[in-house]
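I'd like to ask some things about the structure below.
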């Protein structure tokens, strides 16, 4: 039984067209969803795509660079509220608030990440957990600013672009899909670039990476902050799609679900967490008739996954591939 | 008013200290930050609640059932889950958090999110210099203090206690000198489970029983462990009481909404200057 | 020959234990130095201080005239000091090719590795006789091969000074000769200065021009192999009754 990490299998270089075959098919299917499916399915698909971005960005921080974090939901929430407040209170247009929320979350994550990432072992994980909880408390208790437990309403949809109306479900869907492809594509490029190799080195053996000349502290903070920033911008997309924000949407249970999605798919593979996000979101929706059971089932599922194949779905795929050879 | 705050602070602080004591022993021996203790805390509270209100049995029995179930759950978790992944602390941590997640939601499912009022052990109060102090709170203080003494003596005087201390300093060497690490692990987990259960039962009459009741005490107790130091009973006591007092007084003089955040700030401050915790050791 | 590395009054205490006890030595550019001594003599601790893993309790380390003690390992690596570890360290899940490439990228980060960088990987793989393993996952290889990969990766960072901490432990006679040839080559052709910690006397005697002997943290002898092998204190502490190299 392995560990929860996978690395890009460098044994046999995969021809380019094969590497993009599965994601390509998925993308085409996704583009066709609003054409053939009911409004409800489209709505669920939007959520799935949002979670795919969250799980994918989480993979950058934890799957590639290494440290386990439990506050991704908090970054998602910070971006959501920042974007909402910028448009409501400061009359920013969405298209300005959107990138600014990403920048704000990046800076925030960098500031807390820099000291925090020096912590060893579980100290860091516990600190992120507490941080996530703390953000939730702040959001809940700042009623004047965030509406607190009453929620934040009155968020507008993104302004039209080239005549496309983003207030409709279809418009929102394609907007979200567009940015998902953009962000996840960027992440794909990043993790396969030199930058990604540095992260992998740090994850594999931090001391050796440091001795080889890699500024491990800087790279870890960058990965952490970039992952956070993407989560923040995803939050912005969510805020202007759902148009109602409540602190519980961003509490630690959300962070935990993101972790579960990433683990189901397989940390450190990027495509794994994306697939994991889709699977978990759809199953959660199927079970919406029994909400109390949903989290119970998924926490049990996580434990079972940890017992059987900590490297998730992609781990199972790799095992099968190895047997074929 | 001030005296009341101080007493509240000490009481809540002693509950942190009790949980933290168990967490401390577990963490220092197995390198696991056992989030599952938060779940055990919640389950134990409900067990005691139902024993006392539904079965209408005396409080002592409620407490006994709670610690049996608490200790038992902790034992099973260690034996059949954590032990599978010896050395793989990331998986163990993920499992601990998953268990916490599971138990908290199980409570929501089984017992509804509505808070339940736990009846007090003792009625009545007495006056101290113009302030009213309920006997309930006195009982909590006395029991907590007694437990700390008991655990302290256990750790210091008994053979198992010595084995625990040895293992917490160096797991490998402890095994080399013949200490059965499995027995030690099981013991600290059972102890931790019983301590968390006791903390829950002591606090419930004062603050009600609800599924999310474990969240904050668990986090605060983890902070206390990090601050108070590994293998140090005194450190945990000081840290726990200190945090409880700071929160209680802070809620009056600074802000009641952010008293929970206080622990977080303290954590960040301490870790900035002492990345290995106040008393060293990762 | 100019001085590349200077260690001045270097001291390291761990609690009550003095691991390195006010040592002084000088390493000239282009030389091949050996550091020997019984286990616990302070050899690895000295390396750790030179490379930034530990902060000295006292003393200075000068590299190319500048003080480097207390700096972070990656900074020192980028200044031109490379190192291999006593307990072999590797990026296990990578292929050998990727492993060496990582070392090169660490010092010259490019989002997409350049042709020159990729060619350098090939050159290094050839130099170290690892070409046939280029696509094998490092953790699937023997420890001896992993040591070689560690060396190859360090070479990829183009160091001016290379520290080898018992890099040849467990190698066969043939493998040792191979590595010695490689080291002599990089020393002669690339001017790389070498400091080697070894217990294998063959390596020390055949490779090193100067040997420093440590015992209980203190330098007890310094000189060429012949001098050191005949030094009474050294013989007592380390080499045993009669040295065949005298």
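The first chain written gets the first letter, and so on, giving A, B and C; residue counts start at 1 in each chain.
Going forward, contacts are C-beta pairs under 8 Å (C-beta built on N, C-alpha and C of every residue); 3 or more make two chains touch, one makes a residue touch a chain.
Since the model is a prediction, treat every value here as computed from it, not as a measurement.
Participant: Examine which chains touch each other and state the graph shape they make (line, ring, star, complete, other).
Facilitator: line
Participant: Measuring centre to centre, with centres taken as mean CA positions, what chain is farthest from subunit B?
Facilitator: C
Participant: Between subunit B and subunit C, what is the gap in Å from one C-alpha centre to the other?
Facilitator: Result: the chain centres lie 49 Å from each other.
Participant: Can you work out the whole-Å distance between the CA centroids of subunit A and subunit C?
Facilitator: 43
Participant: Calculate how many whole Å lie between the centre of subunit A and the centre of subunit B, each centre taken as the average of the chain's C-alpha atoms.
Facilitator: Inter-chain centre distance comes to 32 Å.
Participant: Counting only residues that touch at least 2 other chains, which ones in subunit B make the list?
Facilitator: As it turns out, subunit B has no residue touching two or more other chains.
Participant: Residues of subunit A that contact two or more other chains, please.
Facilitator: Not one residue of subunit A touches more than one other chain, so the list is empty.
Participant: Within their complex, state which residues of subunit A touch subunit C.
Facilitator: 5-7, 10-12, 193-195, 197-198, 200-201, 204-205, 207-216
Participant: Contact residues on subunit C for subunit A in the complex?
Facilitator: On the subunit C side, the touching residues are 51, 53, 72-74, 77-78, 83, 85, 89-95, 97-98, 101-103, 105-107, 109-113, 135, 137, 150, 153-154, 157.
Participant: Looking at the complex, which residues from subunit A come into contact with subunit B?
Facilitator: Those in contact with subunit B are residues 3-4, 68, 70, 112, 115-116, 118-123, 125-127, 129-131, 133-134, 137-138, 141, 252-253, 256, 259-260, 263, 292-293, 295-296, 299-300, 302-303, 306-307, 310.
Participant: For subunit B, which residues count as touching subunit A in their complex?
Facilitator: 27, 31-33, 81, 84-85, 88-91, 93-95, 97-99, 101-102, 105-106, 108-109, 215-216, 219, 222-223, 226, 257-258, 260-261, 263-264, 267-268, 271-272, 275-277, 282
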